[in-house]
Amino acid sequence: MKMVVAIIKPFKLDEVREALTALGVQGLTVTEVKGFGRQKGQTEIYRGAEYSVSFLPKVKVEIAVTDSLVERVVESIQKSANTGKIGDGKIFVLDVSHAVRIRTGETNAEAL
Amino acid sequence: MKMVVAIIKPFKLDEVREALTALGVQGLTVTEVKGFGRQKGQTEIYRGAEYSVSFLPKVKVEIAVTDSLVERVVESIQKSANTGKIGDGKIFVLDVSHAVRIRTGETNAEAL
Amino acid sequence: MKMVVAIIKPFKLDEVREALTALGVQGLTVTEVKGFGRQKGQTEIYRGAEYSVSFLPKVKVEIAVTDSLVERVVESIQKSANTGKIGDGKIFVLDVSHAVRIRTGETNAEAL
Amino acid sequence: MTNTKRLATRGALAAAAFMAFAGPAFADDAKIDTGDTAWMLTSTAIVLMMTIPGVALFYAGMVRKKNVLATLMQSFAITALISVLWMVVGYSLAFGEGGAFIGDFSRVFLSGMTWDKPFTLGSGDGAVAFTIPEVVFVMFQMTFAIITPALICGAFADRFKFSALLWFIGLWSILVYAPVAHWVWHPNGWLFALGALDFAGGTVVHINAGIAGLVAAIVVGKRKGYGTENFSPFNLVLAVIGASLLWVGWFGFNAGSAAAASGRAGMAMLATQVATGAAALAWMFAEWATRGKPSVLGVISGAVAGLVAITPAAGFVTPGGSLVIGVVAGVVCFWASTSLKKALGYDDSLDVFGVHGVGGIVGALLTGVLAAGALSVTDALPEGLQGLLEGNPGQLMIQVYATAATLIYSGVASLILLKIVDAIVGLRVSEEAERDGLDLSLHGESVQ
Amino acid sequence: MTNTKRLATRGALAAAAFMAFAGPAFADDAKIDTGDTAWMLTSTAIVLMMTIPGVALFYAGMVRKKNVLATLMQSFAITALISVLWMVVGYSLAFGEGGAFIGDFSRVFLSGMTWDKPFTLGSGDGAVAFTIPEVVFVMFQMTFAIITPALICGAFADRFKFSALLWFIGLWSILVYAPVAHWVWHPNGWLFALGALDFAGGTVVHINAGIAGLVAAIVVGKRKGYGTENFSPFNLVLAVIGASLLWVGWFGFNAGSAAAASGRAGMAMLATQVATGAAALAWMFAEWATRGKPSVLGVISGAVAGLVAITPAAGFVTPGGSLVIGVVAGVVCFWASTSLKKALGYDDSLDVFGVHGVGGIVGALLTGVLAAGALSVTDALPEGLQGLLEGNPGQLMIQVYATAATLIYSGVASLILLKIVDAIVGLRVSEEAERDGLDLSLHGESVQ
Amino acid sequence: MTNTKRLATRGALAAAAFMAFAGPAFADDAKIDTGDTAWMLTSTAIVLMMTIPGVALFYAGMVRKKNVLATLMQSFAITALISVLWMVVGYSLAFGEGGAFIGDFSRVFLSGMTWDKPFTLGSGDGAVAFTIPEVVFVMFQMTFAIITPALICGAFADRFKFSALLWFIGLWSILVYAPVAHWVWHPNGWLFALGALDFAGGTVVHINAGIAGLVAAIVVGKRKGYGTENFSPFNLVLAVIGASLLWVGWFGFNAGSAAAASGRAGMAMLATQVATGAAALAWMFAEWATRGKPSVLGVISGAVAGLVAITPAAGFVTPGGSLVIGVVAGVVCFWASTSLKKALGYDDSLDVFGVHGVGGIVGALLTGVLAAGALSVTDALPEGLQGLLEGNPGQLMIQVYATAATLIYSGVASLILLKIVDAIVGLRVSEEAERDGLDLSLHGESVQ
């Protein structure tokens, strides 16, 4: 089982979620994060001081999926979150050695 | 060493923390997240428009533990976070290859 | 490839970022989290009730790096985030099996 | 006396009623009344409070997080802009002698304005005499000139360029607001002469802003994601503060329109309170019945609908009449802001038309129905100003007429102004700016 | 003159004092005083501001995030509800002629109310003549009728059904508020006749709301997690805004209760300011000394405690007396809201009893101690209204009596009403609704 | 008449102008004017609102999240503290008869203050007679004594100890504010006698607070991270609410300083509005031109700069004059708060000096340039109070003199007081407390 972690632009969240639902993904977890990368932030003004905002608002989506689905999930995120502009974000895949559904105690694939 | 990641209902946080402390866990990290899953959100009304809120507030708890403790930690979360109702959340276990305590530079088991 | 996850004190974020940039790290993702550990929080007062705040504000920094850089990244965080006081935080290293840059579709090392 | 003439008199008196039923013009050495002046100074302050922070917060509380500051900015910048424009030329065009359609340039830069003796508006038979000095009248009216364009902004929230806003509002204030105010409130104005009843600005302020907002919303187009994305408000707390300050400030608006600390001001305040409470409850129960829950946004919207609808009627109706106006306004504006808007498909972001336009129309017409003569008896007009229910259908026709005239003039003129501004600076921000939010893209700031 | 009679006179005069020491009833063609009317119109506006947004924010700032909107909703909906009820029947029951215990139906729908001449309350010897029209009196009193039930809601915040709230508050306003107001402020009222001193509503508003809140908190039961979970406020900024607007608005409440723009109004304003400042400092230092830090919640709670305690005394005490009342109120209310509440174990969420109930009692009793005759001298009562310190222990006994009567009547009647409403619609939301927060479960909205 | 004498007369008249151009002292049985009193009661209420919640929010909205509550706390605690101190001794030192430099102890605990007849300030030829009772004058002035030190706090926001704040502000109020108020506003005061024009407190309030803030910012030192970390405001919404309430309340401040509900009050209100609007626009366009975007913080800062600059001039200048003052203040304060501050390198956190100090100086000097005699004509002074433009360069010199005197006295005295308080309790929190934020470390609370 894998954990797919995607850092995307916030306004792409709904699109990504729909793309994933279409693949049969039934759950995911979303976190508001700030990203630092090649994309440069806008400049904020404050009483004469100017701050170039180096951290930009991003959204982190975490989806635990069975190994068989990983590839399609990654691909589908890559497509739906893409705008072609710098700052579109990254996808990372991590190993999950065990998963449990709290309500039922089901494990691994059944837990998703 | 493992990283136990649990997505739970926010109001269960204190209970889970106490259960873990009882097991001897000395630290954990908590993030406010939004979850999408089988549990359906309430409907919000806004000037005639109705939005069914698909993202629900959840809490993510991350606990790095030694391999020997993993099983008990997972079990204890599963029990203390359980309400038996849909939306109780998931537990994922990931591998950690290395850990460091910033203050002292201690590593791995001693770092926790 | 590895994912370095560091839980640090919020006011150390800028220092850590600069240290990492000096190493050639080009991107990272930051999340506001609450930490529970050995460091005890301040006491909040509320109309006679006193709550010792057990969760303290921390910042989680996630940096995906190539295996060759891991050691230096960990070391550099450990140095720059260090104050020598309790609560300085932890660094965890996790395995990343795959990485993709959404904009271009580049993978692994090129994706970072 | 022919019917027309009788109506004309009636009109003059209606406005005179609005102007505190003052007697004949004071001799030059007359003294201002300190009590009346105290109340008008206070009213001025609290009507300013209706715009900043009232409208500013009411609107900012309904938008998404990324547009909160830009929304506040609109009300605040408009306040600054109109403060200067009104002094330079607006007041002169609205309240200068002029003719039936617009004032003149006699008060440009407020030259010739007096400040140490009671003020008489207009001249000859129709003149209306006040017990307060002209400078206080100028200030009180300025706060009305400020809030009206600030109200419009809700219709095109989340997508309007700030530079375009300054151009559009500046021109609109001079070319739409000033003339309409002259029509209705200056003794020379043609709607005044016709006998239209508008105690505190149902036509001049609310119908005027409502239709301008609707036109602007249509011209500028829908927000990206309208109908599909969740546009629910970032922080309704702000909207509740805004609505509350609107309610409080509206006492200055309506009771202040008596232009005196009089029983008539008290009656206007009472009518305002009763209608507002009734409208808030009516919207709340209507929503509760049809959507299953009474929302906070609903109850405050209902209150504002009630405040709007009672505005033209405040000094002319009994407490019972206010209750009726409130209930009708609450239900009708609820319907207009939900079902009607959906059916017609325009994106009036914060329901400026649904609440101010429709509420203003409801109020203008019901004033023609419910006006109670007993409240406006004078020697010259022993039966007072009566509405349909007291057997005077003519009044309702006049109200229809005044409403239609305002809708048409304001609608057309706003359209033309928008097209001109669009040609010069463009009305709408870029798609990216809209997505990133106006706070950052227009003003370089954000709410954290 | 027997002692009883003397007291009765004293009572009538106390109220007359409250009513601006007016002279004999005006002849029918008397004119209203524009200055007094201006001040009463203003006072009405700022007392409304005390409830919306004042109390609304003060309370919303102390609850958890999930209940912020529901808490605002309570104050706002109550404002709407009472605006209608007061006009329909509340005013008539409170200020209609009636007898010693309640008014009558003579002013239902405000029929018979006059608006163009000065108003005389009551009739015969005890009548109190005003220089303002009745409609302004109706409006001013309405704002008191609105804030009192809004205050109650803090006691059962976070767990009360919204439907139950409307029922309970509606009935309470008619069956508890109106009679108690009649007792104390109508010349026919038995506490008025007894000579109880209550300048601006210590008994009618604060003790009344405080005890009703306590009873409601006990009947509805504790919040889930009380004593174990961290209930600290989501956003104290809102509470600070609320407390500030309460302070400002209280000038209308207390100085407005002079019913005139008079020196007496000025004295009441000064007493209010001094007591409030002193109470805020007293609570702050008491907390600093016992808990180690001066909290923001503490200093604003102290200010409100001072405002409450000075309310019955405002027109009767010297600046020095106000200082004493402020200091005592600050310390005692701090103790009541922390130690006493803990000891007794009830869950009065936002300390309605600890601040309004206890503060009201402190004020009512200290008025009996500190009343300075010199401030209320009239021809009929050359020594003025004196308290214990000036050698009149009888006044303190009367104050005890009035306090006890209010506590008992309001406590018992509130209990009965709560039981009735519980039987019909149920008082408390489900456990799940409470956990998810009232914003979402009752109103389908949330603060983001 | 020698020139000196003429100036002295002019001075007395300037103040008399400020004091409503009252006639000779009233006979003992004179009646207070209810209209004037109504307006002064109202003004008092809205000037209080300027500090809480006005200044409190304006400042709290500009700091970082961890210091929001501590910033609110400063304004609130100061309000409480000065309410007591002013009554105990402040008023007596400021407005007691005394000499040229300070009042006396004749009004300690307000003993001897009258409340039921019109008040005359000072005695003999220079006496200024009012139509309101002394108690109302005491209250109105108290709100000025409250806001002045509250303004100072912005300069050392984010790093000042709360205990040090109470000491410093308490001493400052007595030893700096009271004397300067006496100099300028008491007929015995030496700047009054000199003929300095200060309608509503340009020197006493703004220059005074501005220079004290600058000195304090320098003495306490820069914030950790100044110049390197991002200090951008947590929630500008609060700052917008604050600025809006400042604008509204300033009508009480400036028009209230006419001490009557008069045409002069109306003129002051108009001047305030025009200057404020112009300054907001001026700052906005200056920023837009030089930084590329018009910020919300900019436009509200501009508005406050305009309010400050028009304060000394409000009753002495024409609408055109106000416009000039507004534009100059907007541009100059923008420059002072950005370029000048950067160049000099001090850390005045919220630009107290840049806005209040510099704006106050701009206003004081331009009053000497633009004063229009026609607005202050009396029988005794047929040409009125004229400025440089009307051929009276002497007035500008006097203004320079008064400005310099205030800057020097307040600067030096503040420095000494700060050093004393530093020695006793220490001015600055620990580095750790500053890092964790003052909310938690000083008050044990936080905004969630």
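Note that the chains take the letters A, B, C, D, E and F in the order they are written out, and that residue 1 is the start of every chain.
Definition applied: a residue touches a chain if its C-beta (ideal position, glycine included) is under 8 Å from a C-beta of that chain, and two chains touch if they have at least 3 such contacts.
Since this is a predicted model, take the numbers as computed values, not measurements.
Engineer: Which of these pairs, B-E, A-D or B-D, matches A-F in more than half of the residue pairs in contact?
Structural biologist: B-D
Engineer: Between subunit B and subunit C, what distance separates the C-alpha centroids? Give it in angstrom.
Structural biologist: It comes to 18 Å between the two C-alpha centres.
Engineer: Would you mind pulling out the distance in Å between where the CA atoms of subunit B average out and where those of subunit F do?
Structural biologist: 54
Engineer: Report, in whole Å, the distance between the mean C-alpha point of subunit E and the mean C-alpha point of subunit F.
Structural biologist: The mean C-alpha positions of subunit E and subunit F differ by 34 Å.
Engineer: Using the touch rule from the top of the page, what residues of subunit E touch 2 or more other chains?
Structural biologist: 33-36, 38-39, 42, 46, 232-233, 241, 261, 291, 293, 295, 297, 444-445
Engineer: Which residues belonging to subunit B are in contact with no fewer than two other chains?
Structural biologist: As it turns out, subunit B has residues touching two or more other chains at 31, 44-46, 94-95.
Engineer: So, with touch as defined above, which chain pairs make the list?
Structural biologist: Inter-chain contacts occur between A-B, A-C, A-D, A-F, B-C, B-D, B-E, C-E, C-F, D-E, D-F, E-F.
Engineer: Using the touch definition up top, name the residues of subunit D that touch subunit E in the complex.
Structural biologist: Going through subunit D, the ones touching subunit E are 33-36, 38-39, 42, 46, 65, 232-237, 240-241, 243-245, 247-249, 251-252, 255, 260-267, 269-270, 273-274, 276-278, 280-281, 284, 291-297, 299-300, 302-303, 319-320, 323.
Engineer: Give the list of subunit B residues in touch with subunit E in this complex.
Structural biologist: 11, 14, 42-46
Engineer: Which subunit A residues qualify as touching subunit C in the complex?
Structural biologist: 2, 6-8, 31-38, 54-55, 58, 60, 70, 74, 77-78, 81-95
Engineer: Please give the residue numbers of subunit B that touch subunit D in the complex, ascending.
Structural biologist: On the subunit B side, the touching residues are 44-51, 53.
Engineer: Name, in rising order, each residue of subunit D that touches subunit B in their complex.
Structural biologist: 230-233, 287, 291, 293, 295, 297-298, 301, 337-339, 341-342, 351
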